[in-house]
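Same chain, two partners: subunit A is paired with subunit B first, then with subunit C.
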Partner chain A sequence: MNAGITRLRPATAAGLLIVLFWAAMAAFGPLLAPHADGGVMSAQVFDAASRAAPLGTDYLGRDMLTRILIGARYTVGVAAVATGLASLVGTTLALCAATVGGWTDAVLSRLLDALISLPSLLFALVVVASVGSSIPMLVATAAVIYVPGAYRTVRALAVNIVAMEFVKVARARGEGTLYLMRAEILPNIVLPVLTDFGLRFIYVVLLLSGLSFLGLGIQPPYADWGSLVRENIEGLAYGAPAVIMPALAIATLTIGVNLLVDGLAGRRGGGDGR
Partner chain B sequence: MGGKAPLVTVEGLRVTAGGGRSVIVDDVSFSIARGEVVALIGESGSGKTTIALALMGYARAGCTIAGGRVRVGGVEPIGLAPAALARLRGRTVSYIAQSAAAAFNPAQRIMAQVVENALIHRLRSRAAAEARARALFRALALPDPDGVGALFPHQVSGGQLQRLMAAMALITDPALVILDEPTTALDVTTQIEVLRAFKRVVREQGTTALYVSHDLSVVAQMADRIIVLRDGVVQESAPAAQLLTAPAHPYTRSLLAAAAPAPRQAVALPAGAAPLLRVSGLVAGYGPPDARGLPAVPVLHDIAFSIAPGSVLGVVGESGCGKSTLAQVIAGLLPAARGSITLDGEALAPRAAGRTREQLRRVQIVFQMADMALNPAHSVRRILARPLQFYHGLRDAALARRVAALLDMVRLPQALADRLPAGLSGGQKQRLNLARALAAEPALILCDEVTSALDTVVGAAILDLLAELRRELGVAYLFISHDISTIRALCDQVMILYAGRCVERGGRQVMQMAPMHPYTDLLLSSVPELRPGWLDGMSATHLAEAAGGLTRAAARLACPFQPRCAVRLEDVCDRVPPPVQPLSKGASILCHRGEAELLRAQATAAPLHASAD
Partner chain C sequence: MSPLARLLAARLASGVLTLLIVSLLVFLATEMLPGDVAQAVLGQSATPDAVAALRAAMHLDQPGWLRYLLWLRGLLTLDLGRSLVNGLPVASLIGSRLPNSLLLAGLTALVAVPVALLLGITAAVWRGTAYDRVVGVLTVSAVSVPEFLVATLAVLVFAVRLHWLPAMFYGLDLRSPGHMLLVFAMPVATLSFVVVAQIARMTRAALTNVLDSSYIEMAVLKGVRPLRLVLRHALPNALGPIVNAVALSVSFLLGGVIIVETIFNYPGLAKLMVDGVSTRDMPLVQACAMIFCAAYLLLVLLADLLAILANPRLRHP
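Moving on, here comes the complex of A and B:
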């Protein structure tokens, strides 16, 4: 493990550390949080950093560190589940289309092309406005928005593999579609599929944060980082950390994932040469 | 050549790779006199191209010229300043590579690209350069020498593009021309024109040339002197005629032996056995079917043949004639539009998905590109284990034993079992491909150009292995190749395809007996022979036929060979489909001409291929 990390480029290693850090916060954040959530711990709203509140306090005088640690679960968790769902569905459909070909491919590709032409934020707004906002709804909406993209990327990768002769050999042996997808094609495209997952994860984080900032995402009393920015936007006038810190959290998470993804993509192209 | 000072001298050249850890070229010395054509010959990886590139002062990425001296016309390219080096590469030395397509920009007209170097080095005005280019086009026997410059690269054939690349290289009147496998990617019939054009130009211009090739027969036609390389070391260097007739070094002898493969021991087949595979009236192609169910791009037309158990049917024909398509149709990868395929008397479904597992097991396919046919993510063990589990349900210890036995059978070391395909050599990959097919214990293996991507010596070893497996296991092969000498070495029956039609079919001996189908005759006389002077002695009839090439329009004629055929019947062969005729030598051909007429025509054309076998 150690050897593996030291062989990564510094930027990739930094990305990996940031991603691991936020993943850990999403998992254990509430246990580490210094104050019980919701408890107003100070009369001072928009307070600067202090010993009791290392990241200051929010518009109700709550500890910002606690709020961010608890929010990590919503931002990272919801985005991960939504992206995972989008990638899983997109990849499965794409592998199926590329392997079976013919009509299946044509129909699937047309359908998903139609979906991709919807503007994503507008679609999300319409759904949330008509059905109301809940965590399952947000996950489903984000997943639906990002399935076509994942499908397109994976299908483009898979059709190249399907044309290879080892796939023909397996077909001639009489292998079923599922085996071809799972054993022959998927192992040769995992790395770019993971890269694609990372990129899509960033978009989903930004989409969900954007929705929350508009007040349509995770609803109070729960809060993800996007809602934290929104809640504390008035603090901007006082230069309070309360508005900067959640924005910073979003920024570090997306940059971390981006660095990691770049590293993976570079490795695949033999980019770092050793 | 005696008195002249050599144009090129190479002394003690040494090239290393990986920071000096491995030596690619070791202590190579030779010289080339003015006007001389010297050939460098050796297997792939023997350092031929590395030496050729060193003459231009170039080492590939990761390689370093570690020692020795090279002089080309008074200049030492190694360590030359970049500007002087650019001058040397553009004017003094020029390079003709294997793939002409890669040397041309698809978006620019040919003429602009051919004259570019002369203009860059300010050797000629544009008008003078273009006039010179047209003269070269004429010397290189390009059709329409005045008009071809206005075309784009994709509008000319591969053989023509190769000659245009030669014009590009010769436009600066270089002192030395390096030809690196310039005809390796071409069909034999196309190769003839290109070789003749090169030879004429070299002779007319008095060009000094270094000809790099792995093919001794081709080199025999071109070179004054031959240098044999192995693992970066010169084995033998002698005048061409002497090296070919009285090779001094054992390695040269093994190369000569592999170039003209001896027939592998034939197997006595039980007479009158029921055929293993029978194909009749097969029509197949690509693209969506039309109203009559025929494919948009028809490839195979009315193919019929049968294969007896344990016998080998060879399929020959030029690139694009439909050989691979035939293998894929039989394997169930491409459904046929018409016709039937029966295995042991049972009809096979057109698609693999419609066949029983037992039927699938009995027919296995091995592809030409060994590395593309192996999943790069699967280990050798996994690749071999899958068919064993799939067809025979083997597990655990039995599975491991069988994998080990298969590795032994194709002479792969057991230590390779846990490697990925990327860690195998070309020959090892092809052995693994064969082993995977054998794992199914098939009755028939479809071998699509299994030796074509390999060196002659490695290819010969694979042929030996195939012959041995056939003797021991009684498997039958459908053996596809564009190389007639490998077909002759292994096959009992031969089928010759032209534009997707079976033009001749018969036993292997009858392939050398007159009369034959006009295309068979052309194909056989196009195979280069080891004898110097073979190329110059080709009959005018064959040269005219070789120059034609199959065109899109011709493929739609009743006999697609008609525009090239020396004995065609005008207004008949292009309209009336030729009948299948039996010949008294025991073959059948697809032709309007009768046996006597063909015999007469082929006797006067003085076929030169009588010496084979």
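Moving on, here comes the complex of A and C:
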């Protein structure tokens, strides 16, 4: 990314700013939060925005801004770790399959294609039903669900590179498979792999907050933005900001990532299913 | 056997194989359940004899592969076992909910597909204009926003502020069309929102590819009218990808159905499954998951077949 921020298109710059903002909030949010976590600061539940509580209060009279800032860690952080795992495993397997070829490629591709045909939220529900929804399990579940997608994208990119002359030359030199994967193929597909990471991050955020919204994701006392929408859903009848604000936070995050990815990839972001 | 019949048979066989792998995955996922199911069902105070009897009745004393085959046979003969929570047969629980979900999905498809095709086709025809860019930004946003944001905003605007529509789902009355319209308006609109965006994006992409090809340029040069150009010359060649997009967006529809049925308290299959997950009612969850996966794979298969029938070139791979 050697282009300065001034040379980015406005939409891309906006996406970058939003992503940086939420990343900072995930890291430092709890320090910036105006009220201590869990503190009931007002007798008024589902209050509208006020000077003391800029985003209103939740179903217990807690400050919504504080809740969202603390929740950022769970929505952004957990999704980032899960997506990182999925991309790491998917990319490694894909590079391996593309470089080695033959049976390894055929078996891996067949197996992961079967996994891809499971709708993601459905698969997550089945796994949560059996192993529960502790944070490590949620990370593992989301990672497993999105490995096949990452694998498919990276493999399609890598087979094009493997067919090129310089890879043949490296093979003829007698370089090992690991060297080919790391030094010859990966550097040529870094940007599309990062783009894919961004899109997959969006799917993971939507999946995990969907689960939390159903009450099957991150469990109290921790709360991500999906759980915040769920626990304040009663406030909908009063038009309380407590319901809408966490949902809007998710929307800004996912749209921000999408804008950034679109700009970096130089195309309308695509997708192969959540 | 003709080449077409062989191709169709191969697709069908690969669909069945995928469904088999999926069933194995669903079974393995539920096998990861820590602890003893029989003990969990009967509670801490159960006598060891009672637990042992239940274990035998549920085939828990059998090896895993045998239980998988028994479960598979149960699926095929619609003998889905009993719910661990209320002891009712899973088949009848599902039977009472399935029509409701099919109704919701059918209505959504009825609304979403024509709107999506219209948006996608017009955006492709007027590509590069302000209209195209607006549709592009709106559809990207719609795809990246969670369904429950759309649903809560819809409830806030139409039920809380304007009092036009009921916020919750209270009973089905299929005889009165006016009542149906009121009750289904918000769930269907919420579901359509994401599905429309997805199909419209893919339709635009598929049609744009075709419209940029040289035979279309030729047709423009010889003076074919725009409407005829799109409908008769371009659309048939884009039909395969579009049908595929419609089928794939079913997976979005599925995720949406789970959220929407929960938020509007709609008595459908997805709500039943979510309730099953929170009570860890594994036979119910397994059966629901298989029904959803089978429906999804069936639609993708149908789309494949339609694409092959629509495009003669695909018949000779």
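Operating definition for what follows: the second predicted complex is superposed on the first by the 263 of 274 C-alpha atoms of A that agree within 3 Å, B and C clash if a C-alpha of one lies under 4 Å from a C-alpha of the other, contacts with A are read in each partner's own complex, and residues count from 1 in each chain.
In this text, a contact is a pair of C-beta atoms (placed from the backbone, for glycine too) under 8 Å apart; a residue touches a chain by one contact, two chains touch by 3 or more.
Predicted model only: the values in this text are computed from it and were never measured.
By the touch criterion defined above, A:239 lies against subunit C but remains apart from subunit B after alignment on the C-alpha atoms of chain A.
In the superposition on chain A, contact of A:118 is made with subunit C only, not with subunit B. Of the two partner chains, subunit C is the only one touched by A:126; subunit B is not. Within the superposed three-chain model, A:188 lies in touch with subunit B and out of touch with subunit C [touch as defined at top].
Looking at the shared chain after the overlay, A:105 reaches neither subunit B nor subunit C. Judged by the touch definition given at the top, the superposed model places A:169 against subunit B, while subunit C stays out of reach.
When subunit B and subunit C are set side by side, the one touching more residues of subunit A is C.
When the two complexes are laid over each other on chain A, subunit A has no residue in contact with both subunit B and subunit C. Interface residues of subunit C, counted against subunit A in their complex, comprise 18, 21-22, 25-26, 29-34, 136, 140-141, 143-149, 152-153, 155-156, 160-161, 167, 201, 205, 248, 251-252, 254-255, 258-259, 262-263, 273-274, 276-278, 280-282, 285-286, 289, 292-293, 296-297, 300. Note for the complex: subunit A touches subunit B at residues 164-166, 168-169, 171-175, 183-184, 187-188. Taken together, the subunit A residues at the contact with subunit C in this complex read 111, 113-115, 117-123, 125-131, 202, 206, 209-210, 213-216, 226, 229, 233, 236-239, 243-244, 247-248, 250-251, 254-255, 257-258, 262, 268-274. Taken in their complex, subunit B has these residues touching subunit A: 328, 331-333, 352-353, 355, 357, 360, 363-365, 367, 369, 372-378, 386-387, 390-391, 436, 440.
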